[in-house]
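Shared between the two complexes below is subunit A, which pairs with subunit B and subunit C, respectively.
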Partner chain A sequence: MSTLDAPGTPPPPPRSAAASGVRPLARKRSRPSEQLFKWLVMGLTAITLAMLVWLITSVLVRGAGSLSWAFLTDKPSSNPARAGFNSALRGSVVLMIITLTFAWPIGVAAALYLEKFATQSAAGAERKLRERLDGGARGVRRAWMRGRLWWLRVRPGVVHMVDVNISNLAAVPSIIYGLLGLAIFVGILGISKSLLAGGLTLAVLILPIIIIAAREALRAVPVSIEQGAMALGATRWQAVRSQVFPAALPGILTGTILAMSRAIGETAPLIVVGGIVFGTAVPSLNPLDAGNEALFAMPLQIYFWTDQPQEAFQAIAAAGIIVLLATLLVMNLVAIILRNRYSKRW
Partner chain B sequence: MTTNVDPDKTSESAPIEIHLSAGAAAEAAPSAGAAATAAPDQPDLGPAVFQIRDMGVWYGNHEAVRGVSMDIPQNAITAIIGPSGCGKSTALRCLNRMNDLVPGARVTGQVLFGDDDLLSADVDPVDLRGRIGMVFQKPNPFPKSIKDNLEFGMKVNGIKATAERVEQALRDAALWDEVKDRLKAEAFSLSGGQQQRLCIARAIAVEPEVILMDEPCSALDPIATLAIEDLMKKLAERYTLVVVTHNMQQAARISDQVAFMTVEGSDEGDRTGVLAEVGTARQIFSAPRDPRTEAYITGRVG
Partner chain C sequence: MVLALAAAAIISILVTVGIVVVLVEEGAMFFTNVPIGEFFTGTEWFPVEGKYGVLPLLNASILIALIAALVAVPLGLGSAIYLSEYAPERLRRVVKPILEILAGMPTIVLGFFALDAVTPALRGIIPGLPLYNALAAGIVVGLLITPLISSLSEDSMRAVPNAMREGAFGLGATRRVVSLRVVIPAALSGIVASIVLALSRAVGETMAVTLAAGTVPNLSWNPLEGMQTITAYIVQVSKGEATRGSLQYESIFAVGLLLFVVTLAINVIAVRIVRKYRTVYQ
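Up next, the complex of A and B:
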């Protein structure tokens, strides 16, 4: 190898590298633009992290002193020294139960339909319907078949419209959902301004998020799994229920938890639906009573406390924020663990 | 579920076959002349399970396959070979109506399975797929245990999933000895070749009459490929096999009958797959009648 450095030294020169025409390798050199870019992105990341650290430390410093077991178990009070977070905690738990109960089945069903059934080939079904119509179906059956034919024709357009709008809905400001909830659940359905109305509103709010997450999880399951099942003589529903859905479930659950952690921090729609509650009631943990319970929730209680002039309330508001952040952290941790544990490499 | 195609019935349908071939020949594009009359030209390898007559596939406005006519003999291996993009897999997927799942796909012509045209709108594709199994190019076990993989097909076909049936299917697929101690293990923990044999076992477990294989070895190494080929030869004693392969040596090694498909371009640049020639493996590889077959097997066209 040293022949390159010393082309003149003869003893064993079976072949000279210089003679082969291979150019010497370039030495390492610095690339200023590369460096600049690296420092830029590092700097911007640092700013983001610094904001987060600042937020958390300031909350911890102000609120840690008020954190105690009694803070979690005491009911609200106009005396900051005695005021507790218990009603807000209970309210949030019930809200999450109601939200999940309504949003999950509807959202997952919508995702299943949009992803697995709405786009399937309709040529066969259409041909069969036409044959039966020509075969002389009468009366109600004829009308029903005509209706189905019409649906098959307009379905692609409708599905496309729904597609676009679900993505739009996920970006609608949450206060709009509050107004919607107020109009529908309180106004039309006549539900009182309660935990139930709040939970339903949050369910509508996270519905598009759950649908989008579930669709992505379903799409991540390779189509070969579904085809493999159907090639064995399974119907599409059997293939989806027994193979595709279980394979997508961890992803769906991860998305659901992230949607729930959005819902648990929402304040604006709850203010619209339930107003700011100040009461000393302790809501029942039974979700079936939610229609009669005043709308308590962690973010609402925090908002109420920060609005108070007394300095002491600011401290317990910070303590409330710590509890809310801790809850969020736990939920996101569960989502991450789920994802890492059950995510499949296809 | 153990129904076999009755040989008598198949021979009864012979007059229909002649009639259909004649009709097909009259309508077929000039270049497909050889294909349309394929059935009479074909070697006699026993009773036919499938009688394919002037089958074509459209994807929207694109004609992917045109004028395929051939018989597929029972308990034999039929290999479909040809250059990539010639529609071999597309043609294969007509035989168990998997093209139904492709939006915009339309299959024309006739495929008689026994006496019935399986392309007919009133044939239930779900039931049909229980009788005509399929193995895919890339092993696609379900992300569950080995046992679950076998039991799923049995359940949806109303077969009681007993331990004996699971064992038998795994033995038939030459996988039993390797997995008997870990039936509860994830199917994904198996090697690629084992996964493909599991997929074959899964297909056998539902007791089909025909097994379609779409390039079953293309994702496997040579040793796993040999194992699958041996398995195919064994399976042909009990099942009718139709195998798509791009590997001519493989077709020569395993098949009784070979169908060679090729591509015809139109003036508009549309490329359509057609059947050039059907014959015994020996005839196709030693004395091809169609110049396109000869060009392909001698390596002059890729």
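Up next, the complex of A and C:
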């Protein structure tokens, strides 16, 4: 070390860190264990991606040969060479229409309520109601006001319950929704095992997903928009209807498409509700006939074919999967485009 | 108008009430015919002969979920560590959505993949493997839940503030040490919760296990054998025409109730874990 240097002269830089007795902060070359760990986590990521590639290529290789225009337009057949996907496609379209018709309005309304109305202060409304009650309201009006007062009191508890409930519902296995549909729609309401029963079941299944997505979209709209509208004299309802809701709509639609892409791939609940019918019928595209049409859907047809022992059915099952995955791809692309095109930075 | 919106919100509670009422009511009908003790301790599930011991079904569901976890935990955690601690930002933005494709894959597709590709490939390694086996089912279910683990774990690892990493780097820690000893412990609640949630998804998974593991109830821990899970049994009965009110019809609600309780319990545990052990950083 530099103890021998004359005082006053600056100490020469140490030749090496080791010679100076100072431990190095970092070595240039990483230790083998470092490299090994990096390669390990990289490798695990690569394996996951490779499995996805394997999955997609194996389906493509198996099914591409059976894919043709005739495959899309032919009806089902017990002869694999002639069997087509048309009934399944039509069934899925009708299912999606029914699912959307029921799940969307209810889901969006629930989201609007939970996000915009449930949490608003009850104090003012309560005072007004009490004044009117004391002012001598009679009969039905009085009962109605008492009901409103009661609702304002229990509202926080109910809202909390709904909150917890929705996140739990989203985690319930889809087959359980099938059991619900079977017992309620088929058993109690007496709807036949049809596209209608299947569509209603899928609507219940995606309801919590739509609510969660719509709430997130509504939350992304800054409160200042709503407050601005209300400062100009709009009621909360007017502010939400004409300002907040239109601003959140692209986000809500994106979430809806993603929920629909979940619904279109669901198999288990449909089997539970409708069973597997082997038929050669071609369901009508009119959703009003759905109550009389046998339950056809893309995933059901794929399951039916996969379950057949003959090798030839595996190829058309793969072709069906390609169509299903292509549909999903298109839906997701639309969702992404919608999000990128209309999403606003506030 | 607002009341109509409130009514829509309350429908979601009605759905839950509906699920519970339906399962309990039909399940109760089942248990008037089959004693609960016999249901939970019986080792044979053979509805045609009136043998309703649920252990083989439950066992198969648990075994396949465990195999899935064995596949998904290393893959999911490895990907999460790589994406959050090593990968450049641009790569991460590409890889993460690709991984999530797996999570959105219809399970029927994974079932087809198990039968058509995974089992034949496994047969190359394990000669004499039957077409229907729990191993292939577990592997594809593992694949299905991997993105669940990687995505949620990565989110909670990225929520660990950079100051903690920089502090550790400043003390001379390497990237591996920072990942394993700083980031993972700090994000542990989120990581464990993601694994627990993935398990619940695996137990409730239906089509992949129905296609890949078969429809023969089999009380065995041997993953090379075929076995029927709770969900596969429900599918098998639903496929045929079980008449409403028959014991078989009621039995799917009884096992459905069991499945519902199991998954609900797992989800409640996950929420508890997050709530109890979460550390909030600014």
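Heads up, the rule we're going with is that the second predicted complex is superposed on the first by the 303 of 346 C-alpha atoms of A that agree within 3 Å, B and C clash if a C-alpha of one lies under 4 Å from a C-alpha of the other, contacts with A are read in each partner's own complex, and residues count from 1 in each chain.
Heads up, the rule we're going with is that a residue touches a chain if its C-beta (ideal position, glycine included) is under 8 Å from a C-beta of that chain, and two chains touch if they have at least 3 such contacts.
It should be emphasised that the depicted structure is a prediction, and the values quoted were computed from it without experimental measurement.
Trainee: Between subunit B and subunit C, positioned on subunit A by superposition, is the outcome a clash or a fit?
Mentor: Once subunit A is superposed (C-alpha atoms), there is room for both subunit B and subunit C without a clash.
Trainee: Kindly classify A:334 by the partners it touches after superposition: subunit B alone (first), subunit C alone (second), both, or neither?
Mentor: Touch partners of A:334: none, neither subunit B nor subunit C.
Trainee: So, does A:281 touch the first partner subunit B, the second partner subunit C, both, or neither?
Mentor: neither
Trainee: Contacts for A:228 in the overlay, against subunit B (first) and subunit C (second): which applies, first, second, both or neither?
Mentor: Only subunit B is touched by A:228; subunit C is not.
Trainee: Looking only at contacts as defined up top, I'd like to know whether subunit B or subunit C touches more of subunit A.
Mentor: C
Trainee: Let me test your reading of the model: by the given contact rule, A:97 touches which partner, first (subunit B), second (subunit C), both or neither?
Mentor: After superposition on chain A, A:97 lies in contact with neither partner.
Trainee: In the overlaid three-chain picture, which partner chain does A:243 touch, first (subunit B) or second (subunit C), both, or neither?
Mentor: A:243 contacts subunit B only, not subunit C.
Trainee: Just to confirm the geometry: in the superposition, how small does the C-alpha gap between subunit B and subunit C get, in angstrom?
Mentor: Once the two complexes are overlaid, subunit B and subunit C approach no closer than 16 Å between C-alpha atoms.
Trainee: Show me the residue ranges of subunit A that touch subunit C in the complex, using the header's touch definition.
Mentor: 25-26, 30-31, 33-34, 37-38, 40-45, 47-49, 51-52, 54-55, 58-59, 62, 105-107, 109-110, 112-114, 117-118, 151, 158-159, 161-162, 165-166, 168-169, 171-180, 182-184, 187, 204, 207-208, 211, 237, 261-262, 264-268, 271-273, 275-276, 299, 302-303, 306-307, 314, 317-318, 321, 324-325, 328, 332
Trainee: Residue numbers of subunit A touching subunit B in their complex, please.
Mentor: 119-124, 127-128, 131, 222, 224-225, 227-235, 238, 242-243, 246-247, 344
Trainee: Applying the document's contact rule, which stretches of subunit C touch subunit A when the two form their complex?
Mentor: 1-2, 4-6, 8-13, 15-16, 18-19, 22-23, 25-26, 74-79, 81-83, 85-87, 95, 98-99, 101-102, 104-113, 115-117, 143, 146-147, 150, 172, 174-176, 179-180, 197, 200-201, 203-207, 210-211, 231, 234-235, 238-241, 244, 252-253, 256, 259-260, 263-264, 267
Trainee: Can you name the residues of subunit B that touch subunit A in the complex?
Mentor: Residues 96, 98, 100-106, 121-122, 125-131, 133-134, 136, 138, 140-144, 152-153, 156-157, 188, 199, 202-203, 206.
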